[in-house]
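Both complexes below contain subunit A, partnered by subunit B and then by subunit C.
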Partner chain A sequence: MVNLIKNVKRFLIKIGNVIKNIFWNIRRILNNYKCRISNYLDKKHLNPAGKFPGWAKALLYLSPALVVLLIFTFWPIINSFALVVYENYNMSNNTITGYTLFGNFIRVLTDESFIVPASHTASSAVINTLIIVFISVPISIFLALAISVALNSIKPLKSFFQTIYFLPYVTNTIAIGLVFAYMFKTDGGLVNEFLNFFGIQTDGLSWVESNAVYWRSMFVLIFYSIWASLAFKIMVFLTSIQGIDKQYYQAAAIDATPKGRIFSKITVPLISPMIFYITVTSVIGAFKIYNAIVALFGVTGAPPGVSYNLQSIVMYIYQFIDGSNAGNLSVAAAGSLILFAIILVLTIVQMQVSKKRVHY
Partner chain B sequence: MELRLENLTKIFTNKNGQETKAVDSLDITIESGTLVGLLGPSGCGKSTTLFMIAGLVKPTTGKIFFGDDDVTKLAPEKRGIGLVFQNYALYPHMTVFKNIIFPLENMDVPRDEAFERVKEMANLVGIGELLDRKPSQLSGGQQQRVAIARALVKKPRVLLLDEPLSNLDARLRLQMREEIKRIQRETGITTIFVTHDQEEAMSISDKMVVLDFGKEQQYDAPQDMYNSPDNLFVAKFLGNPPINSFEAEVKNKKLIINEKTFMEVNMSDGLYDVGMRPENFRVKKDGFETKVKEIFHIGRDTMIHFDFNGKNVRALVDSDSIKDSQKTVNLSIKKERVYLFDKQTGKVVNHG
Partner chain C sequence: MDKKLFEKSKKIEKITFIFDILAIMTYIALFLILFNLLELPPIVDGRMNLDILQFMTPTYEFLGNTLDKWQMNSIISIIIIFMVVNIPMLAVNMKKNRTKTIYEINSYTAASKFVQAVINLLSFNIVSAVLRTYNTFIIIKFVKGYNVKEFFKSIIPEIKDAIAKRKAKKAQIIEDNTDDYSSSLKKNIRRQTTIHTFRLLGTYLFLVLMALIIIIPFYWMVLTSLKDFTGATTNNPEFYIGISRWNWINYKVVLTELNFGLYIKNTVIVAIFSTAGTIVTTILAAYAFARIEFKGRELLFSILIMTMMIPGELYIITNFITVSKNGLGWVGMPTGQNQYFLAMIIPFVTSISYIFFLRQNFKQIPESLYKAARVDGCSDFKYLTRVMVPIASPTIFTITILNVFSSWNAYIWPRIITGVGGQEGQNYWLISNALRDTAFVQEGGKVMYNLQIAASALVTVPLLIVFFAFRKYIMNGIGRSGTKG
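This part shows the complex of A and B:
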């Protein structure tokens, strides 16, 4: 029996070696041909490598990605600058009534439900977006930091917990939104049941359905966006924490440093570049919030029968593509440029603040 | 403060359940105020021993005493030790000043006194004017000094240095060696110094411990250890160029080399390992005659290669005492500088 296993093993190793030899020889033959071709070209002074500068080669290899980027990213950016000067542009019949420099911007800024709440609503796109950004981003960063430090310090079931916390990242946003909407249902929703269990009266307490109060639906939205964005942050923080030299912690342990000080004086400064990166990208991401609102409240951005709107800036822009004001792309372009300006200013502010706080 | 290791053992178990004895029942007493070098080849358990003293590694069995206190179970922060890491582990985001004051921030020290102590330490190690810099703006030697200052500022009971000079260039190493010695003298702190460099250990330590495979080989003052090694390992480990060792027979109380009587020894008959340090040979007319294989001139000394019992042997002699054309040479060596080791145990059986 033992002999048999030994023979089988030897046989498999032999087969493996034969296969490896074949690949080796294929590579040898190919290399040989490559050498011959390039020698031939050199002899005839035809070798293209010498004729073109290095950047031409780089451009050739980059061209597939560049073409896609040109069509779907750069062209729309340039086009939005062009669109913004058209007056009353109509997409369906491609007509304009004239040109204007600031008209579309003024229209967006004075439009009800962009900055100023409309008469029949209690909030506007900018207010909603700012609330989401300034509440969900700091909370999710602090939570992600705390969870990643905790994950880093547990030993048993480490990879299990890491998988659990990473799951939201690989789950569809809309699916999570639907599950959240189901959890916060008025009748028989998990949250209301949970509150009932602890003796809190929730008779008809509406979160995301008709007649929900503004802050209740906003709470669900923020809760949702924090939870959905946590996974990626935890992953980034955990990897950077694991990259910190263990000796810093040993040195701190010998100096009797309390846990809190180790966290604030060693861990946070040493991963500060990553915290900065996450802050910038998640502020930008939160400003662009769209599908979370759609998943929870539908394309109207409001629970039925309420006097407010949970529309974000991006939702406001999209309504000019397919919504109540479909077709007026000039206004949409103006809205996007305003959003771009807000994000740009905030990012510059963050970079200035980070100069003192981030240690590379 | 006296430091005592009792039967200290550390066994590492890998995934396959294989056990490695990194440190094997170490019994060492380190007197108060001395600088002791832990010396051995890489993988001999010297760093593990240091980390056990620091409390970063838990011993499998055995005890560690600081004075009369048993600190074996004590957490590292409660032991009152200063540790200098091999790569210094200076916090890169803090200035030198903040790095040094860091340990004091966790202690019950008034702010003024803390500032005073940092300045005092910085001046002691000679970095008084660099306090505002970041570690990345310092040279290796300066970083080393900061690390020592950070370890010393909290006035630890024991200072532990883990290969502190291995990241420095050769010249700086010599200088820092003297610096560490001076700082240790001035503070009078019990210090343990881990190194694989025998020359470094010999020049810096009051006493040193040689380890091999986790076992203590010898614990003695450097020069005593050099002149009277306990076993063949210690003899081979110390000295550069290394000791010549070859097999030789003792017959009728005579040491036979190259089928001639080399000298008389008071030993029973049998085969022995013989050790002779290259620098202990002298060229003398009445010495033992041997054929010269090769001659090398290295600065003020001359190295002669020849065969003793089929093994290549080197002798380091004065340049004037030998000519290049010489085919044979007469060498003598003092009787007490010939070491005979037991073939089985490697223990020294005779010297002098």
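This part shows the complex of A and C:
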């Protein structure tokens, strides 16, 4: 058996050598020609390689990326500033009725489902988004801190738990959102079944289906967004906790410091830059929530048969592309510029604070 | 240490791999054959009649046997379980066999070989089982110096020895306990140990609870995807179902009748092209930013970094105008002239965050290497492909995986692009928007939850497989880059 394998191996190596020889011969011939051509060019003082300035070479390397970025990153920025000054832009026949400086912004800000709740509902895009931001971000940061401190204090099964906690990061938001909606089903949903098991009566308790109460469907949305965002935070916190110098903990252990004080006086201050960074990025992420809402409640952003809806700011923007009032992209551009302003302010705050180093 | 025995055990392991691979190929072939045999419901008025899906009881002829629906389900389930156990085992073994040194072999290696032999035997891979058992004895001889016979003879004396040692230890502890001071000290230590144990128990309890919350949606997804319609919508859902009731037909319906085969093909095309483009453009651009000196390099780079702050929604609105008929004319044209794939791929063939990430990596490669290469007459491009790319290959691999993930999960852009053009656009759906927009509703408002969840599982499982295969790269990459998406 072993002999046979050896023979087969030898045969394969021989074939490989033949192919390699052919390949190298071709290369040799090509190189020969290349040398001849460059020699000829050198003689006539025409060799382009010697005369290339740095920026031309850089342009050569940058051009594939820059062409795409110019069309799909820089041009859209300019274009969106052009778009907001159009009045009644119509996408289908590319016509406008006039120009306006702040008209589109005013239209967004006074729209009855953006800041001010519409007359028949109790919620608007901004209110919904702010609720999601102010509830889901603090809870998920505290939970992630607790989990990563607990993970850091154990040895066996550590990498197993780490892998499990990382799972939500690599999943499809829409797919798992559908599973969550199924788990929170009224009849025969896992959650209602679970509550029944503990003796809580849940006859027809509706979470995401028709006639669900506002806070109940909001709870599902926040629960899902926390579930999905934990993975990244745990990962970052765990990396930075592992980077803390062990001497601090050894000194604390000699003084018999209680665990709670070690956490609040050593761990948290030393990773505070990371906590702050995560807070800002997750606030930005929560402001841009969209996929989770679509997965749980569909494109309308509301359970069937209710008077409110769970639109976020991004969802409000997208409804101008394909929604009830599609077509007027100027208003959408104005909305996204407002979102950009919010994010810009948050980023500037983060940069200013992290310059001062949030240690201690 | 007998080096010959070690080499022999390695060689036998290599021969075992051949039989392992043969067995796995057999499982895959059997699975494909059986999956193809599964009978779909008849087509009525151009649509498959999914209402009768769970009441059908077809019989199948396979290798001269007549199998009913339940037997067929069980056989497919068993084959899938075999694959799930054997393929990772083979991959791990191959990696270990390549890297294992003579110093890493101990009695645990022998034990794990034996366990693997038992698993092989259970999955009807008898040749591998025999070879692995033989290998176990070789390793035992290598570690302890026993022959097979001596090994079996040595089992009982060794157990007796262990018991005797334990007794002796206990007796010693009782003798030690006479002193008054030492006993109080011991009590103190015991109390501290108890507190420590309780704390550890609490930590583990908390971690297990959280892990359950993370895991349960996945478990519930796989379980529901295998249930029939009644099982998925009943008021008292089952938490476990036997293998004869795992309805693999759900997946076949999703792939064929609900067109998910086509959507997966579309997504794979988009993912491959956009990832290939991203890799090429980011490597070139990152090299230019890291090594080539030119005026305005830092300025250009900081402009690029600044654009990362702008929310994607802004781009999507105006990019939609760019690709539609008033701009490049890729979508929104009369039927037949639309270029949906171009519109979905080209905007994503480069990424500023990956350029940033790769540039940091390139900058860590010492400058002296570049100068040495230039002295030897190496051109810039050759230096990039021969030196830089091989050194930075782990990062490039991480970027590849993350980019494939993001194209697999892309939702809003494909949805907007394929939303124009009605039925024609629908043929270019990617899986995420297919998941959300496919009507899983039958006549009479019945939502086919089991099929919907089966489609979700079909989207999620490939991601999980890639994740488990390249876990180290993905987790390291995200830990280091600290950026999301």
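FYI, the second predicted complex is superposed on the first by the 278 of 360 C-alpha atoms of A that agree within 3 Å, B and C clash if a C-alpha of one lies under 4 Å from a C-alpha of the other, contacts with A are read in each partner's own complex, and residues count from 1 in each chain.
The rule is simple: contacts are C-beta pairs under 8 Å (C-beta built on N, C-alpha and C of every residue); 3 or more make two chains touch, one makes a residue touch a chain.
Not measured: the values here are computed from a predicted model.
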**Report entry** Which superposed partner A:Trp55 touches (first subunit B, second subunit C, both, neither)
**Finding:** second
Query raised in the report: First (subunit B), second (subunit C), both or neither: which does A:Thr239 touch?
Result: second
Report summary line: subunit A contact check, subunit B vs subunit C, more residues touched by chain C
Query - Contacts of A:Pro269 with subunit B and subunit C, given as first, second, both or neither - result: first
Query raised in the report: Touching A:Pro258, do we find subunit B (first), subunit C (second), both, or neither?
Result: first
Query raised in the report: Looking at the overlay, does A:Gln247 come into contact with subunit B only (first), subunit C only (second), both, or neither?
Result: first
Query - subunit A positions touched by subunit B in one structure and by subunit C in the second - result: none
Query raised in the report: Which residues, counting only subunit C, touch subunit A once they are in their complex?
Result: 11, 14-15, 199-200, 203-204, 206-207, 210-211, 213-218, 220-221, 224, 233-237, 280-282, 284-285, 287-288, 292-297, 304, 307, 309-322, 324, 326, 346-347, 349-350, 352, 355, 379-380, 405, 408-409, 411-412, 415-416, 419, 431-433, 435-436, 449, 452-453, 455-457, 459-460, 463-464, 466-467, 471, 474-475, 478-479, 482, 484
**Report entry** Residue ranges of subunit A in contact with subunit B within the complex
**Finding:** 245, 247-248, 250-258, 261, 265-266, 269-270, 272, 359
Query - Residue numbers on subunit A that touch subunit C, as the complex places them - result: 1-2, 5, 49, 54-55, 57-58, 61-62, 64-66, 68-69, 71-77, 79-80, 83, 91, 94, 143, 146-147, 150-151, 153-154, 157, 161-176, 178-180, 182-183, 185, 187-188, 190, 193, 227, 230, 232, 235-236, 239, 259, 277, 281, 285, 288, 290-291, 294-295, 298-299, 314, 317-318, 320-322, 329, 332-333, 336-337, 339-340, 343-344, 347
Requested in this report: Note which residues of subunit B are touching subunit A in the complex, please.
Outcome: 54-56, 75-79, 81-83, 85, 87, 89, 91-94, 102-103, 105-107, 150, 154
